[in-house]
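My questions all concern the structure below.
Residue numbering begins at 1 within each chain, and the chains themselves are lettered A, B and C in the order written.
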Amino acid sequence: MPLIDLANPTRFLAFTSRFLPWLAAATVLVLAVGISLVASAPDDYQQGATVKIMFIHVPAAWLAMGCWTLMSIAALGTLVWRHPLADVAARAAAPLGAAFTAMCLITGMLWGRPMWGTYWVWDGRLTSVLVLFLMYLGVLALWRTVDDPSRAARATAVLTLVGAVNLPIIKFSVDWWSTLHQPASVLRLGGPTIHPSLLTPLLIMALGFLLLFITLHLAAMRNEIMRRRVRTMLMLQAEAAGR
Amino acid sequence: MRPIPRPTRLLATELACVRGGRRVFSGLSFAVGTGEALLVSGPNGAGKSSLLRLVAGLVRIAAGRIELEGGDGDANLGEQAHYLGHQDALKPSLTVAENLEFWTRYLDGGAATAPALDAVGLGAIAHLPAAYLSAGQRRRLSIARLISVERPLWLLDEPTSALDASAQAMLAGLMRSHLASGGMILAATHGPIGLEGVRELRLGGAG
Amino acid sequence: MTALAAILTRDMRLSVRQGGGALIGVLFFLIVVTLMPFAIGPDLALLARIGPAILWLGALLASLLALDRLIASDYDDGALDLILTARAPLELALAAKALAHWLTTGLPLVIAAPLLGLLLNLDPTATGAVALTLAAGTPALTFIGLIGAALTVALRRGGLLIAVLVLPLTVPVLIFGVAASNAAIVGPVPFGVPFTILCGLTLMSAVIGPFAAAAALRHGME
């Protein structure tokens, strides 16, 4: 089936209903392999078993950022091409992005408790993620506040793109702010100096999370399409009762 | 619900109304008995809406008096009247049934709304959010309030606006049965509202 | 009683359905608390010391947010006309509206406060004290806000004016709210003294608020 056919919501529904079970199965499989690898991975000599929370934290952080990228592309689709599925994709992605960002924050806090002795420090990385979380919540609030889906889609598309332009600036400012206050003595979260024996499980976990995201996103898109159809049907019903 | 004594007459004597420093009307006297309707007509700005709001107790009376003879002594005039203004007093995010149910419970304490919704032809879409309704349907939903809660006096401001011919006939039927059961109607209107042989009170002189 | 229950449930339903008004208040609270360390620096000891004050200020500002729609939405669609002419006393109807408003916007702030306490490095005692004082004090903010909402009901752009009118009136609540939280954390005053005064302020505003708001609405009529 050519990809362009998927642009039609009905075709999209038919295709995903066949495709989703396989995708879900693959997700479970990859995550199961990943978790077993993580369980057998060696503990860190400094951090002990606590390091294993990174296998959830880091993929969640990647997805938190990736999801905004996806939303930005969908926003272009909404504004430039006026594509019907672009709205749906953006709307379905926003709660998922917020959820993965929240997961990243919560795992970061749980990791920080034994490492820093407190659940939260205003570390540059964590703080940028917190601001990203706030922006996701803002997008969700805008979706919920505007009643008409296509108007809401255009408004949030603008907000998403503004966010995409601003996020690097925010990240830079927060980093500058945090290094200003805290010299490099703070333990770094993750970082590039990861031992190869930990890298394989991390990448497999990341793949599992990506599959999970795609599964959930397609399912959420289906729900959104059907929600809009229900809305249209109800409006037709109201119109019919006018006679 | 305690039984409410039926009022026998709405009597206005030498009424005057001042809004925003401007004298809208003065020296206005009229009476409406049970089973009677009085149409208030006149050009724009003659004070039709002001008169209805004044009777409902929403605008201060500048001079004169207005009373409902033989009514419930404990209740003031507004509590014995239905005021149907230009605005529909509906919440778009509540369903049709929830909107009517709220007003029924708030104004009366009862909660049987289904017959009233059927009477205005909205029974089939009671579960829809009011946001989906057309202007005429919204109007019909606020009219449903008049029959779900019983009040002896109806104050109707342009009741036929936004209503199509069949809905106007429906409203006329509701008004006739209200009058037949001893109710009173005071309606501000530009045109006929489907009641025969009603008296007319013309405001604003020849204007 | 039925009438008041009706208005309470209607307002709570509206607040939950219309764009999640309650959650926007919590989101605003979260943003205000997040912004503070950017302005004053991430020193955890300093944040822990002024944390109760930050939380109280954040909650105070967040509780102002939805006030402009509290009565104005009923004014705009004509529902206020019917409420004014109904048999149920206006004062009680307004009290029910304020209660619904607090349950959907004030209570979520109280629930969110402990979570935000984590961000500010508050210890469990301090967090508990702030949550308790917010639970006791935010109803006062809503009832005082009710007066502002009634005074500005007929105005376009009433929202800004509400803040200007209401914020000075909330000074005592802020003083005793923060004082009680600090008393629980560092002393030297026992917690009970400012906390009792805070509860007294709430009870007083629960009486004055609806009456003053009802008077404002009645006299606002032409």
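As a convention for this text, a residue touches a chain if its C-beta (ideal position, glycine included) is under 8 Å from a C-beta of that chain, and two chains touch if they have at least 3 such contacts.
Nothing here was measured: the structure is a model prediction, and the numbers come from that model.
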Nearest-to-centre chain - CA centroid comparison: C
Pair joined by more contacting C-beta pairs (A-B or A-C): A-C
Mean-CA-position distance for chain C and chain B (Å): 37
Whole-Å gap between the CA centroids of chain A and chain B: 54
Centre-of-Cα separation between chain C and chain A, whole angstrom: 33
In chain A, residues with contacts to at least two other chains: none
Contact set on chain B toward chain A in their complex: 92, 121-122, 124-125, 128-129, 131-134, 136-137
Contact footprint of chain B on chain C as seen in their complex: 2-3, 5-7, 10, 13-14, 17-18, 76-79, 81-88, 221-222
Residues of chain C touching chain A in the complex: 19-20, 23-24, 27, 30-31, 34, 37-38, 41-44, 118-119, 121
Residues on chain B engaged by chain C in the complex (per definition of touch): 19-20, 53, 56-60, 75, 78-79, 81, 83, 85-91, 93-94, 98, 101-103, 105-107, 109
Residues of chain A that touch chain B when the two form their complex: 147, 234-235, 237-239, 241-242
